[in-house]
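Letters are used for the chains, namely A, B, C and D, taken in the order the chains are written, and counting of residues starts over at 1 for each.
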Amino acid sequence: MNTLGNKLKVTVFGQSHAPAIGCVIDGLPAGFAPDMDRVAAFMARRAPGQNAWSTPRKESDTPEILSGLVDGRTCGAPVAMVIRNADQHSRDYSGLKRTPRPSHADYTAMVKYGENYDIRGGGQFSGRLTAPLCFAGAFALQLLEQRGITVAAHIGKIENIDDAPPDFASVSREDLEALLRKPFPVFDDTAGMNMRQAVEAARMEQDSVGGVIRCFVLGLPAGVGEPMFGGVENRLAAALFGIPAVRGVSFGTGFAAAGMRGSVHNDPFVMEDGRVRTRTNHAGGVLGGITSGMPLVVNIAVKPTASISREQETVDLETGENAPLVIHGRHDPCIVPRAVPVAEAVTALTVLDMMLE
Amino acid sequence: MNTLGNKLKVTVFGQSHAPAIGCVIDGLPAGFAPDMDRVAAFMARRAPGQNAWSTPRKESDTPEILSGLVDGRTCGAPVAMVIRNADQHSRDYSGLKRTPRPSHADYTAMVKYGENYDIRGGGQFSGRLTAPLCFAGAFALQLLEQRGITVAAHIGKIENIDDAPPDFASVSREDLEALLRKPFPVFDDTAGMNMRQAVEAARMEQDSVGGVIRCFVLGLPAGVGEPMFGGVENRLAAALFGIPAVRGVSFGTGFAAAGMRGSVHNDPFVMEDGRVRTRTNHAGGVLGGITSGMPLVVNIAVKPTASISREQETVDLETGENAPLVIHGRHDPCIVPRAVPVAEAVTALTVLDMMLE
Amino acid sequence: MNTLGNKLKVTVFGQSHAPAIGCVIDGLPAGFAPDMDRVAAFMARRAPGQNAWSTPRKESDTPEILSGLVDGRTCGAPVAMVIRNADQHSRDYSGLKRTPRPSHADYTAMVKYGENYDIRGGGQFSGRLTAPLCFAGAFALQLLEQRGITVAAHIGKIENIDDAPPDFASVSREDLEALLRKPFPVFDDTAGMNMRQAVEAARMEQDSVGGVIRCFVLGLPAGVGEPMFGGVENRLAAALFGIPAVRGVSFGTGFAAAGMRGSVHNDPFVMEDGRVRTRTNHAGGVLGGITSGMPLVVNIAVKPTASISREQETVDLETGENAPLVIHGRHDPCIVPRAVPVAEAVTALTVLDMMLE
Amino acid sequence: MNTLGNKLKVTVFGQSHAPAIGCVIDGLPAGFAPDMDRVAAFMARRAPGQNAWSTPRKESDTPEILSGLVDGRTCGAPVAMVIRNADQHSRDYSGLKRTPRPSHADYTAMVKYGENYDIRGGGQFSGRLTAPLCFAGAFALQLLEQRGITVAAHIGKIENIDDAPPDFASVSREDLEALLRKPFPVFDDTAGMNMRQAVEAARMEQDSVGGVIRCFVLGLPAGVGEPMFGGVENRLAAALFGIPAVRGVSFGTGFAAAGMRGSVHNDPFVMEDGRVRTRTNHAGGVLGGITSGMPLVVNIAVKPTASISREQETVDLETGENAPLVIHGRHDPCIVPRAVPVAEAVTALTVLDMMLE
């Protein structure tokens, strides 16, 4: 349910307005000394209130580590981490139980959990729960880096504006490092500027926009993954759909492959410096569930933020009548930028888990 | 690895040229009397050699049930089923180990399993392994039907030709039943004819085409699924990527949601005959990993068949040189039509598993 | 690793000298209002320093609940709980890494985790980690009680003194309730007095003693459990061996069954008030992994406390020489009494998990 | 349910009177060439009808391998194996559903599965299902042998006669090899003769006897196993309770530890030839769930065969009255000798699984 992974297990807990959120990471190799400044920097990429394009609400997401580290090194015991939830607006949320917000989990959660469901701030379905995922992912990213593996994602698309990604067969570590240095991670900064304008335009119109995140993994050896239901695609998709608002996951050329001929889509094998590579990389680095040694490319579709401030239609569950709804509070008009590190975190955790198995 | 499901577990085994393929289904409710004629009819939809648009190679896929049924009813013990592999072309496959086929699992499987990998006919990665999945799925479909749940898929797209699906909010049981009666399951038969012509054109040019399958589940109650990593999307995606050639999985409006505004994408709640519904169904029937009671809609991108008969580039792993490759044998120029029942089977197994939990 | 259960999952974290210990409970039914006073009372049964027969070290085991409860009721999100570790003796533990304590996990943990293993106070292998298990178990016990199920254990044996348990076929709810009221839970209080004297005698001689805990579950319906590897015995044993110092788990007549004839050991079926019962209950309530409706009886062998204060032999891992060892600190001469609620907790969690599946 | 293991998974299927029994082994390393003569010899140790002390019923347990082997070597795909059930006595079993056999799974299986349960010959609860386990175990034993690990069990006790095992700290590979060569594996052949007489005496009196199997694993490196719920004890117990008739599992000194003082039970560490060993091995090779490098010792209590031919009491489920029962057919008066290879098989599978993780 709230646990990700087999050999490296991350259990996430908390609700938006509970005393705290956090996670337990079990299965980390002993003796690992995480660079906590980099963990904090990585988590900051997800935090709200930092940019024009995200909500001004501030979180003081200072993680407290409760176990698993001794003198800054993992000792073999699970690493437990807690982030206190401070200063929540204590207004009345009970109305939301009467009038569920369109395209939120309010309604389905109430069907499942009944009237005890914690609807305040989205409860356990809040995007805030991705903060512990980023904490755990930051550990995984450092452990992957020690193995020569780099994970980085760009904003592939926002509304109708596409970024210009490099060729999937030749994307380089330099490309990814440049991406990781950018506050708004796109390859084409003009596209990035247009994207930000699209977000701003949506905000002005009390609306929101969606987008696509594309995550690359470089340096993965060939041969990782299991056949059929244990493939890299199966595992990554199962994990990535755990990020709120994700509506689709595809690999390499993805859904566009459906419109292609085999003669175009097939990736010819070629020898290069004594290594087997493919000339193109429509496959996105996975064949038959197993990595090919080419860059892993995974595309993640993110829907527009469901919380918009213009009036919407919903139902009043008490009266059984249709009812108008206006959602208050501040919300990101586009969560794609903040979801980028979350996608990297979940990808890193899953890839590391498969390598540890 | 080769096992799908938690409470209802299907373990698939076999290789294309092993003595047999088959599966073990554990966790079926006792007392269920599968209609074996319908199981056979369902499996026939996947079988090759039946239509102009599939390979002429014949399989005699007669499943033999080894356990789990007594007097035609499940007794609580696992149902084991075997299909003998008959009359394989006994030609030499060893060349394939030298020159892996582009976009096949040949190369990655050899990296993983070494020289002992069974490359004949695609080994354990052969599409033939989907026959046992269809067998198991046929059981699940009947059990779902007993619960008032219908599963059916259409060919949403082949190459650049799109079918015209009904509105996701109002697709009806009649729509699905009509689909299930068609040998080439599309809503718009003109589009279907054009699709078949596109397949034929690809074949004539020694090429292949991909497509999209869209699977609907009707009658699912609201409240099925778990949050975060246990959601309907996580579970279905993890299962569907086990079907060979699947490159993407999305729900409802899917990747197109990335280009939409929230005001358009959000599905307004409305009361209808005392039930909560949504006016549109961009969500595809799932909110926060939990079913909403609206039709479940999952889209599956299928790449063009990798085996094409025109000459391709590959490498000779023995000499370490680039080498041309011509693949012999008969192959579907488009596997999408035969993958439709496989998608239904895997969807049914996963949905039933979640309901049994 | 540190997670117990399938549908009801408990993840335990912490080390004896980490900032905290705690657990995450996922899968509790929503709407459950735990009686926190009874949770505290249950945890107090495990806490040290309360009786003549346990170590005088005090713990202030006040659990703080971080998530999963709203207005005292479970909301469907995981319940996370933390207990701070206060006032640890800050003496030097590094010597223990040189001279591992006999029959402790010191040595094997160092082989597994290397020099980073947290040896202070037994690290993650400390009996203190059973406090979160008791917290989780207290929830499970209340949920079982709501279903008419009572779990209680007695001290079956300490050193060579046996308690006199009731007949396994006729043990009653009153028997168990009487047990639960006793600070030293035995059926025969004279035996109990002798046991306490045996513990005291061992302490006087700087030694320790082991014992047997026998746990009963009353009110379980027939038909719970799965065949082969999913049986009640498999699941309970897998869980109970997670309690430190447990060396054996058996059901009903247990190892004594090995010395019996079938004509004696077989439990004859009889009708009683229209219900099927067995005249005897050597089976301990389980046949073929599935509950029979008779009282569930599980026996748990606990070794004598490994930490004794008399001088012992060990090795100096630095010099590679044999070396004498004197263990300082206060230790229970017999952990059996404090392990009784732990056994009840783990049994309750496992039984509830099987019922929720 | 019917699947054992994580990384190495064995799924068992079949019923006593189904067309077949068998198993699927997933996760075997590719390139392994099992010695099939030794597999057959190992399976023969479990087969009935070979000795005075087992039932004269003959099985022709010739396993047919359906997949996973190419030219005698594992290819990475699951190994599926089938044994046909031949020549079952086709007499009427329906009476058993009315009058369940004491201490059999008849009754509990009917509660769980209803009237469709396959009661013929014990159905899926039949000891015959251990034949596939032995097949899979024979593979595991050979793979362990390649890693220098030997697994062998002796009959520790039958009724009230004990074998004389070697010291747990000094049991040698030669001891185990001698054991493996004996048709009746005991260390003390006089005790063995007395055991066989006890079995014969029970048979003469239409009765049965139980016993204890003790399994040793030599050559296991230190450091295998996970803490808390992932320990060697947890995993082995969960697996061994899957063998029919097992009532208890303990490690090293086991339940006798409960009667010992710590000063006696503790195993002093000593250096020997530069290696850390323990002078005694009451722990049975496991501390804190993790192997110590000392011989692994696991004790398994087996109840007396439930099927005895003397008249017993049961109930008639149709009339709701008590009723006498006479069980027909031939049954082992003691299944302990035939369960020895089963215990070795399950132990080997579990140990190998833990090492592959």
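Quick note on the criterion: contacts are C-beta pairs under 8 Å (C-beta built on N, C-alpha and C of every residue); 3 or more make two chains touch, one makes a residue touch a chain.
As the structure is a computational prediction, the values presented were derived from the model and not from experiment.
Ranking all chains by how far their C-alpha centres lie from the centre of subunit D, first place goes to A. Set side by side, the interfaces A-B and A-C show unequal numbers of C-beta pairs in contact, with more at A-B. Between the Cα centres of subunit A and subunit D there is a gap of 47 Å. Computed centre separation for the pair subunit A/subunit C is 39 angstrom, with centres defined by C-alpha atoms. Distance between subunit A and subunit B, defined via averaged C-alpha coordinates, is recorded as 27 Å.
Those residues of subunit D in touch with two or more other chains are numbered 1-3, 12, 76-77, 109, 112, 124, 227.
For subunit B in complex with subunit A, the touching residues are 1-4, 12, 100, 102-105, 107-109, 111-112, 124-125, 129, 157-160, 202, 207-212, 222-223, 225-231, 233-235, 237-239, 241-242, 244, 246-255, 257-263, 265-271, 274, 276, 278-279, 282-284, 286-293, 299, 301-308, 310, 312-315, 317, 320-322. The touching residues of subunit D, when paired with subunit B in their complex, are 1-3, 9, 11-15, 18-22, 24, 26-27, 30-31, 64-68, 70, 73-80, 82, 109, 112-118, 120, 123-124.
Against subunit A, in their complex, subunit D makes its touches with residues 6-7, 76-77, 227, 357.
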